[in-house]
Amino acid sequence: MRIHVVTPVTTVGLRDVEDLRPLVGHGTEVTHSLIEQGPATIESHVDEALAVPGTLRGVAAAEADGADAVVIDCMGDPGVEAARELVTVPVMGPAQAAMHVAAMLGHSFSVLATQEAVVPMLHDLARRYGVAERLCSIRAVDIPVLELEDAARLRGALLDAALDAVVQDGAHVLVLGCTGMAGFAAELSAALADRGHPGIPVVDPITAALRLAEAIAGMGLRPSLRTYPTPPASSLTDLVAP
Amino acid sequence: MRIHVVTPVTTVGLRDVEDLRPLVGHGTEVTHSLIEQGPATIESHVDEALAVPGTLRGVAAAEADGADAVVIDCMGDPGVEAARELVTVPVMGPAQAAMHVAAMLGHSFSVLATQEAVVPMLHDLARRYGVAERLCSIRAVDIPVLELEDAARLRGALLDAALDAVVQDGAHVLVLGCTGMAGFAAELSAALADRGHPGIPVVDPITAALRLAEAIAGMGLRPSLRTYPTPPASSLTDLVAP
Amino acid sequence: MRIHVVTPVTTVGLRDVEDLRPLVGHGTEVTHSLIEQGPATIESHVDEALAVPGTLRGVAAAEADGADAVVIDCMGDPGVEAARELVTVPVMGPAQAAMHVAAMLGHSFSVLATQEAVVPMLHDLARRYGVAERLCSIRAVDIPVLELEDAARLRGALLDAALDAVVQDGAHVLVLGCTGMAGFAAELSAALADRGHPGIPVVDPITAALRLAEAIAGMGLRPSLRTYPTPPASSLTDLVAP
Amino acid sequence: MRIHVVTPVTTVGLRDVEDLRPLVGHGTEVTHSLIEQGPATIESHVDEALAVPGTLRGVAAAEADGADAVVIDCMGDPGVEAARELVTVPVMGPAQAAMHVAAMLGHSFSVLATQEAVVPMLHDLARRYGVAERLCSIRAVDIPVLELEDAARLRGALLDAALDAVVQDGAHVLVLGCTGMAGFAAELSAALADRGHPGIPVVDPITAALRLAEAIAGMGLRPSLRTYPTPPASSLTDLVAP
Amino acid sequence: MRIHVVTPVTTVGLRDVEDLRPLVGHGTEVTHSLIEQGPATIESHVDEALAVPGTLRGVAAAEADGADAVVIDCMGDPGVEAARELVTVPVMGPAQAAMHVAAMLGHSFSVLATQEAVVPMLHDLARRYGVAERLCSIRAVDIPVLELEDAARLRGALLDAALDAVVQDGAHVLVLGCTGMAGFAAELSAALADRGHPGIPVVDPITAALRLAEAIAGMGLRPSLRTYPTPPASSLTDLVAP
Amino acid sequence: MRIHVVTPVTTVGLRDVEDLRPLVGHGTEVTHSLIEQGPATIESHVDEALAVPGTLRGVAAAEADGADAVVIDCMGDPGVEAARELVTVPVMGPAQAAMHVAAMLGHSFSVLATQEAVVPMLHDLARRYGVAERLCSIRAVDIPVLELEDAARLRGALLDAALDAVVQDGAHVLVLGCTGMAGFAAELSAALADRGHPGIPVVDPITAALRLAEAIAGMGLRPSLRTYPTPPASSLTDLVAP
């Protein structure tokens, strides 16, 4: 099986496909692309809007190229609904995947977001996916996407936000709020255990998206054509030649 | 006061600004533009995605040009959230406006949509706006957007769908499901009265959007900066030069 | 267009109609009456109950007198449902109007109420209007209705409660919780900006009620007869001759 | 223990206290009064509004007279919230009691109302009491309150509506929708069993209100002063001397 | 009328039936049994699972023996749903009863639980019973079930948790979170009044269960056969001979 | 990775482990056991109650034996919560897994259950898992568990129920309501396509449980210790020696 990952920005190096390969099951291959036209990062609804057309083109190309499933690499799940209309293979978004996994691991969860600015969008996604009841809070670490590579800073900020979420907000499970935080989940869970809070699972959204895409494609399932009908040919023409 | 309406498609003639002028209050002016790049109509999430960048440019231009409020002329409310980040003046979407007005007029409402394909999107909007509890059903008239100009056909299909909504689904209020159905609200209400169902108000979404934009701007209110923060300069650059 | 405002108490001077006139759009006239029999202020369910019969008589008289819409001037929205049965013109309550406007301006809102005693009633209204999900808190300023005229005290108490609502409760929008607080909305928003919280809109409920009544009447819409059927003649006799 | 029942209308003979006595437990006494001023029946929000002041006076008199609990004899639960502010003894409304009992007897329930006109009010009560999720439908028997005494007609209409509720709407439990339907619950349940639907409990609201008032008073519990604070003396003056 | 109480553990002395007798109305008798096989206390889902088979046998024996209703004496309401399938007489659980009574006494309630470990289970019960909206918090007193007999310690811990619930969480009503806390409700309410919080009702779950069982049986009502169908004979064989 | 499946009944042959092996991903092994003591099938809450102790012993044995995850093979998800307290490896139930997968595939889903008797239980599970909003209906095929092996009869009954769910109830996705229906998902989807309803995905619950257990274990995640604390040693003693 091959899962194609589209990172819906133009910034080269923001995602290294080598980091994604260990995250999937046996026999699953991962390929990757950025978008050709769009924003540098996604940190607002405006960015999202600018990312979606290029993302859709990337998703369509992946299906034409034989991918069994596609993952859109951004916690805003930009263009996931449109992508499901466009292609027939499963398309998974990290927010939807991570929130569902979190709901299966415990009573309530908190999301650790990059910045305050994206908090309302994450609340909206929780409401869209029907998990708002289990979302007890969203805490921001106050680090812009392009500064997430400062690992020490991110590690410390995540732990502070995580402790607040667990102690003050009553979180039983945590979800990293940006796919750029990949790789920090297990150590955060361990750090919480060191601080007297053992057994708090931390869900990494890009991993959750890959694994659920794998599971759904492996089950031979595809998104409902009734919810995601194929758009008429005219729409597809608009897409190819912007 | 001046309200600028952006119709987020490229099809000339789909909206005649003269039809909009009688819909607003005294002393309110209405201006209008289409988008320069984007889909011919919006009948899927893919279309919506392709419409938003051009819509955002149109909204930004309207504010730069001195408009007091902006209305996005499409029942999918495409780009409304992003537009509220981009400009400070109020931005209103027809679905949000019509659904809120419907909620203030009666116990439950139905939406009369163009086609089955857009029904899930309207359910999602009702959920996003917190009115899903009051939405008793969505009925499709099975007429594509570009065929809505056949008035006789539309009139008949609307009445059939309306009767089903009122008699079978228990609707107390109706909402026209496409801004292209403007002008049919009052006669539909009258037709229902002729058929033994008097006093069922029918909300026209473009009128609701204009009137609520007028009310909110008239109150000197603007969308919350906390929900809709101004995007950083880099995003704005991406927007202008696609 | 003429909107008639009924202040559902007997205290002369509690509302000056001159303060209401600037709040509406061009070409809209505002008239006003108190009730002839009822409580001095409304600060409990008991007060509300005693206010409603006289309020209904005032609403009926306004329609008989040619008003295009009626607003009931009290945040408890007392008698709004019964009034909509009694007359055919639109009747708007400040809580319903303000809460809907708040829901259209941002992700979540807090209400700044007069006293703790009225907090449960405001929660009930939020639940009735379907906006409970977006109401993050209600804060009381601890000032009885008859002492609201002490502007300096009210100004200070509102700012304190507003800061708590924004900083501790996460409010993105604020709603003044009593129609007697009219006139303080804009300055409160400005004071919050001075304290480092720019762009938090503050909704004044009497203005919202006037503006939405204006919008709905301007759209030619009336409350659904299915939700608000005309009571039989016997009820009307009971009303006129208490 | 003594429970006082206030029937919130002026129509003599609408309620015979002898019918209420068998409905309570051992050692519980029942007394009864109508209101002195108010509507003949309650079949709209307007009627309710006109009933409440007199009802509150009746409730206050009952407490002054030594009643341990008060029941307001009308499915609209008119004035229950205000009554709980006014007195300290428990006050129970039939809709709240019956809906809670129904929720404890099965998965979902339907209410069999007198007329279409009161259906939205019953939906609102279900939402207020937090049981809207379990209310699967409301069916009207189309009999005005003053015609309920035609037992044969009522019996037939109730059975028809009950069958529709069970077969078409999926009701597991039924609630009679008017306290004037008292006495028909057990036979309706038996009639459904004869028709192939055994074991569908039918809740009579006046009985439920009496029994729950008895239970709550018997437990030494009173409504929360925090939810139902005592109104200031001025309100009480307004009440006594209308 | 006779209500049989099954305490679903094997620990002799955990419940003294003499304590239960004063809790019911006139003319109601109370009998009691422990289970023969099962856990010593119930403080986890595992304990619950081990308690249910023996509890069902106890419930069946009670009905065979002529009880009019059965109460299962544990705040986890273990086996209540299965018991309602097994017997026809009403079966009441303390959590369901107490939460419904709390919902009828005020705007919001908190539960004072024994330990953190049982908090998620109580949240689940609130959600199952449709009262999650009114549950504002759950506070743990950190006392295991077998140590609840240390009255002074329990009294102090309950007061501390109650004050937090009222002052910090906004509770208007309190519910004791374990049937082993019986007898402390009235004094806790009085202690809160002494501390400046008068009129906060405290609901004791075993009393609520007894009283509601009494009310429902007294009304001649039984759980719906549609929700709780009689299991086939094979299941009953499995039950008798484990 | 090895997933152990516990079928929580004693009927030999009800589940053939060979049928499970093709359902998992590369490199995942599946082992299986029945329970030693318990019911023959699970078709009521009573059956469930009798199944859980033996199921818990089976789950504990599986972990002791080195399984990486456990699946409980019954749509009632019996004992899943208790099992998560008992062991640390992920435990997955088919209802939770299938309902989450369905929620990720489309707007709304219906469950095709064996019999009416289990319908309320499935509604409760949907409510527990937060997906009740997306569940549009549950249809029963009226075939007891032990008769599901009549493939022709099951196939026909599933198609009838599926057509009703899609055409009348508006389902966009279907979920088979019993793990004994495994193997019929793909052909049902194809049969619906033949009947004019293409692209309706049908989720098989045992496959969903296996795949999600695989994904969660593969991600190195475990249920939250805060939601599922380890029971004290005394409970474990009760478990081993019933």
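Remarks
To keep things simple, chains are lettered A, B, C, D, E and F as they appear, and every chain counts its residues starting from 1.
Rule of thumb we're sticking to: contacts are C-beta pairs under 8 Å (C-beta built on N, C-alpha and C of every residue); 3 or more make two chains touch, one makes a residue touch a chain.
Per UniProt, the chains are A, B, C, D, E, F = Aspartate/glutamate racemase family protein.
Keep in mind the model is a prediction, meaning the values are calculated, not measured.
Taking the mean Cα position of each chain as its centre, D sits at the greatest distance from chain A. Centroid analysis (C-alpha atoms only) places B farthest from chain E.
Averaging Cα coordinates per chain places chain D and chain F 43 Å apart. With centres defined as mean CA coordinates, chain E is found 27 Å away from chain D.
Centre-to-centre spacing of chain B and chain E amounts to 51 Å, using the average Cα coordinate of each chain. For chain E, residues touching at least two other chains, in rising order: 107, 120, 124, 133, 172, 226-228. In terms of which chains touch, the assembly is arranged in some other way, matching none of the line, ring, star or all-to-all patterns.
The complete set of chain-chain contacts reads A-B, A-C, A-E, A-F, B-C, B-D, B-F, C-D, C-E, D-E, D-F, E-F. Residues 23, 25-28, 92, 96-97, 100-101, 103-107, 129-131, 133-134, 166, 172-173, 186, 197-201, 203-204, 207-208, 211-212, 214-216, 218-228 of chain C touch chain B in their complex. Taken in their complex, chain A has these residues touching chain C: 120, 123-124, 127, 132. Across the complex, chain C is touched by residues 107, 133, 172 of chain E. Within the complex formed with chain D, the chain C residues making contact are 37-40, 43-50, 52-53, 56, 79, 81-82, 84-86, 116-117, 120-121, 124, 127-128, 226-229, 231-232, 234-236, 238-239, 242.
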